[in-house]
Amino acid sequence: MNVALLGYGFMGRAHSNAYHQVGHFFDLATLPVRKIICGRDPTAVAKMAAQWGWDEIATDWRAVIGRKDIDIIDIATPNHLHAEIAIAAAQAGKIVLCEKPLALSAADGERMLAAIGSLPNLVWFNYRRVPAIMLAKRWIDEGRIGTPYHYRATYLQQWGNDPARRTGWKLERATAGSGVIVDLLCHIMDLALWLNGPITEINALTHTFIEGREIEDASLAMARFANGSIGSFEATRFGIGSLNRNTFKIHGSAGMIGFNLEDLNRLSYFDARLPREEQGTRSLLATAPEHPFGTTFWKPGHIIGYEHTFIATLGEFLLALEKGEPFHPNFADGLAVQRMLDAVERSAAIRQWESPLT
Amino acid sequence: MNVALLGYGFMGRAHSNAYHQVGHFFDLATLPVRKIICGRDPTAVAKMAAQWGWDEIATDWRAVIGRKDIDIIDIATPNHLHAEIAIAAAQAGKIVLCEKPLALSAADGERMLAAIGSLPNLVWFNYRRVPAIMLAKRWIDEGRIGTPYHYRATYLQQWGNDPARRTGWKLERATAGSGVIVDLLCHIMDLALWLNGPITEINALTHTFIEGREIEDASLAMARFANGSIGSFEATRFGIGSLNRNTFKIHGSAGMIGFNLEDLNRLSYFDARLPREEQGTRSLLATAPEHPFGTTFWKPGHIIGYEHTFIATLGEFLLALEKGEPFHPNFADGLAVQRMLDAVERSAAIRQWESPLT
Amino acid sequence: MNVALLGYGFMGRAHSNAYHQVGHFFDLATLPVRKIICGRDPTAVAKMAAQWGWDEIATDWRAVIGRKDIDIIDIATPNHLHAEIAIAAAQAGKIVLCEKPLALSAADGERMLAAIGSLPNLVWFNYRRVPAIMLAKRWIDEGRIGTPYHYRATYLQQWGNDPARRTGWKLERATAGSGVIVDLLCHIMDLALWLNGPITEINALTHTFIEGREIEDASLAMARFANGSIGSFEATRFGIGSLNRNTFKIHGSAGMIGFNLEDLNRLSYFDARLPREEQGTRSLLATAPEHPFGTTFWKPGHIIGYEHTFIATLGEFLLALEKGEPFHPNFADGLAVQRMLDAVERSAAIRQWESPLT
Amino acid sequence: MNVALLGYGFMGRAHSNAYHQVGHFFDLATLPVRKIICGRDPTAVAKMAAQWGWDEIATDWRAVIGRKDIDIIDIATPNHLHAEIAIAAAQAGKIVLCEKPLALSAADGERMLAAIGSLPNLVWFNYRRVPAIMLAKRWIDEGRIGTPYHYRATYLQQWGNDPARRTGWKLERATAGSGVIVDLLCHIMDLALWLNGPITEINALTHTFIEGREIEDASLAMARFANGSIGSFEATRFGIGSLNRNTFKIHGSAGMIGFNLEDLNRLSYFDARLPREEQGTRSLLATAPEHPFGTTFWKPGHIIGYEHTFIATLGEFLLALEKGEPFHPNFADGLAVQRMLDAVERSAAIRQWESPLT
């Protein structure tokens, strides 16, 4: 299983680490081989290859895709390249792993989905593999919160306000596609669809605080879900005081479940089925053997960090591959998110409620 | 200063307590006299009068207003009576204190404001006098959070889902006017306008979870403020796990300030002007002598409760009265809120952005 | 029921408030009458009487005790006067309510207990009536934490370090008896004995940080309880960052219960009998109707404050009086605490384990 | 730099991971080579070697030490073997890394220190490299908390009560030496000495809750530090509700600093030098570039976990080795801790205050 990693930025590091570590924590028949890392700047790529143990370096992604000895193409490039690369890789018969957002538009996403066909594929919505979020999903599926009433998600960062960070591909429309919509809302939208099901309509606003900036700095949205619940979304790079505050809270007839990525080992839970005398908001450290990945990493109370979400995503993808089982989140999941992001952009533009187009 | 209290429910208790206690914590030249309590059920009113020390009872509010020996009319009736009573009381030259919402519509509110003229008046937006919120206001006015970017407010309760609470005037349109809009959104809208200034446009949805219920159980809204910040509002009686969770969070260029009524003695504060090494979210127990009302009640760390917000509101109103100074929140403030609530209802009905009408 | 309150400091205010408020929240056949307030400084006492509604003032406590029309003597004087006044009041046949500490020594406490005989009596260990602590007691008695293993209590304040507070009767041995031992350890010792039962032996240290100060600024202790658990105590006025941090935590075979006075409406609870997947630390807002005093004050989520612990203590005392039932905490409870405090002082002096003498 | 790892349990995994990862996060001239892993059970060792990439396996530690091609001996065996192995390794001229506790007694520790001479050495007190604790150390050294008054440390786990965990080398005196003293108190004692300096005297109790168990389940201690502050320690495996709750809190004249390993990315800080109006307890996410290891791992708000403390310890050890600089914690630090643990055991046995012997 030879891997070619396209991209060498922050995501390149997170993915490299996952390839290194996956065999230490998951029982895999075959380990992925870090074969090639590819990027535009040969010096920087070489440095990355040396530090993270990639056998070869390359600067031309088309050549990499053309190689017969590569089994997996892992796309960690700026957003605007995802579609083109993924489609080419799929056409070359590769397994494709793609960073979020899947694409810059649902139209691109549809082409990618069509191209990938039955080839194994993944979108790096890594937060689905946070153990506490896995536990939330399990409990929601078990009916522990009953009929959902409210879904509330935020993704707050603060670096948009940092004068030292006024450039970079994430701030340009051509390379990023949009601002917080593809960067932050994308993640919390995926979690919302996964945890609470489809959204039937959404109403959004976007806002740019820095004059002349091409993309939006913040977005708010209200939504109606197919299950009858209502929800709100907020994504911003101007949430001063918040470093990486990806949160959700779901209130249902039988309870509440909440999460905050800055405390990613914890789940917040309110069980409304208990006698009222005992009701309170519980803070669970989701590190016991009974919890998702509870025996994969360390011991109860010995917390894991951000990087483990990539290791766990990769581990489960490779296990599914070995067993020939379907894997989520995949391109179809990525496309569903992209349809919502498109609806958000349309809604903000025309100041109307919008539904995702299918 | 003879007071007539109209109403004998939960608010009647909270106000009665305030009249009792105000002289113990505020240095007033003249103390209010608990002269008459008025309500429809003479037995219940008599019981209330006995327990809370009202000299007389009455069942006809018009007769009470007609009495020469009454100086202050305090309205704690169901919402639909506020306008009629307040206008009659104003016409009789009384000082008028009115529970929130000021009215069922901005139109009614305007008539009330016109009627009250220069008579002293108050709307019981008691949360403005939570010491921690007073501190937030002071710090915002001092520029401590810099340019505001985001305002986020919720008011979550859970009793809407309680099968034992399916009736009562708060659930009927005729008496309540609306559901969470007048009950909960009303409070957080007043705080938003006070702390963050006017709203130029708002987009809202309302939802009723219980079939057949006349009024909305929940409302979401997005807003643009005149100061350039954007905000969101959520009010619900289906926020399972939340008893009385009135919260706000403001992110500005220089920091963040947050609050939760369930921990009303605390303020959350992030100072982004500190060296980054020292930046973190501070939890302040706003009970020091330097804090608002810091020498009014007990000692540092000896917390106060819900009822003190009414005592503090009344205390400052009476002090303003003695000094002949203006007081806020008054009918004009209540009307500003009412205009926003009307805009929320219109927006939810027509599914469009709306601006408050003036 | 005519009351004479001896003392007009901070405790005088807290007690005055309780007499005012008790009838509003408790259904009493007879209400206490605020008849006389007594203190050395007639001007200050007169001011206090005016503000808090005491009919008369006095400066000689012996004369007050001599009056036939006084039923209840409430002692809120500096500590060194408690024994003499209580014994005189008991000899005059009065009901006696005494601030903590009961006395400056167990020997004095024994004389007080002997004097009081069968007269109704109370020691103002007001924290026993915090609703969350009442709930803790109920749950411990129900066996919810199983076999107790650990008891851990702290009472941290910070004013000992305040240069502006270098004098006052609480800092002098003659009037206070000791420092944090009678002031802070006293409270957490009472809670420990009540919640976790008798202590068989204790080992303590005391320390004074300010040179020349007569009394101890801090005390640490380790203890063995009769129920087989072990515990630790810490009381200090140099716990910088803590305003009024009276906490306890009990770990037993079936769970954990914890409390912090700075969040007095909350109880912390860990139920180890739940499936491990669900185990976590719960934060309960003890304001529901099912909770102690849950229908006495306001509504769920509408929190109470420090002063309510005095109102609740007085309310239950008066109810017990009406029914002729025994009341706790009483002089016997105060004496049990005093025996522990004496053991702490002996242990610190001779640097040995000590047992309470009986 | 060939490494031989002796031991293949939980610590063997944590160390193996560190050798794998250190080069990814630290710029090292030479990377350690995972040469041999050694343990008694060849099947288990072989499995471990395969999973964690060790070149060879061995079952006889003496033979491993005898090999010329081994540069570093890393001891992760049960406690009772530390001294013998470390001394033999030192005599063979190896660099020695030893898990905590350094030894079973100060006497053994002294022999180890003598043997190691000027050879590079380390004791795995990994918690000194938690970024938040590094920050605490920096701030204490900068004088931010002023004159220390109180030090309070706990290490609470709950597995001692687990019927499924009644055997194992950690529960036997012959292999473990003691119970929570070497296992948990050891860690918090090292942090105390590092953060707050030497202890002049200590008074401890130990307790065993499970009948027939050879070693202590819990220990409490009070201490006096050379800097004039006083402190308390608690270590237990019966702290039901706590998974891995290693905490400290220091109160000084200028502020408070606190930490909890279950939230290891956070530091708690109270700055008493601020105007009192602004004082509150700050929760810092110690992941900014300005924080220790702030640019070593991921990005602000992207938290790290338990394993990173081993990576950071190893990284800094190897950097010190490259530069020929001294490293802490080393055998001398381990011995200082051992002297305190011996004093704790003596104190508990004779029920007296004890001082560490030097």
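In this document, chain identifiers A, B, C and D correspond to the written order of the chains, with residue numbering beginning at 1 in each.
As a working rule, a residue touches a chain if its C-beta (ideal position, glycine included) is under 8 Å from a C-beta of that chain, and two chains touch if they have at least 3 such contacts.
Computed from a predicted model, the values in this text were never measured in an experiment.
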For chain C and chain D, chains touching each: A, B
Chain separated most widely from chain A, comparing mean CA positions: C
Chain A-chain B separation of Cα centroids, rounded to whole Å: 41
Centroid spacing, where centroids are CA-atom means, of chain B and chain D in whole angstrom: 54
Chain B and chain C, separation of their C-alpha mean positions in angstrom: 35
Residues within chain D bordering two or more other chains: 242, 279, 281, 285, 288
Sites on chain A touched by chain D in the complex: 10, 14, 16-17, 20-21, 23-24, 51-52, 157, 159, 242-245, 261-265, 285, 287-288, 297-308
Contacting residues of chain D [partner chain B, same complex]: 135, 267, 269, 271, 275-285, 288-291
Touching residues (chain side chain C, partner chain D) in the complex: 145, 149-150, 152, 156, 158, 161, 203, 205, 207, 209, 218, 220-222, 224, 228, 230, 232, 234, 236, 238-242, 251-256, 270, 272, 279, 281, 351-353
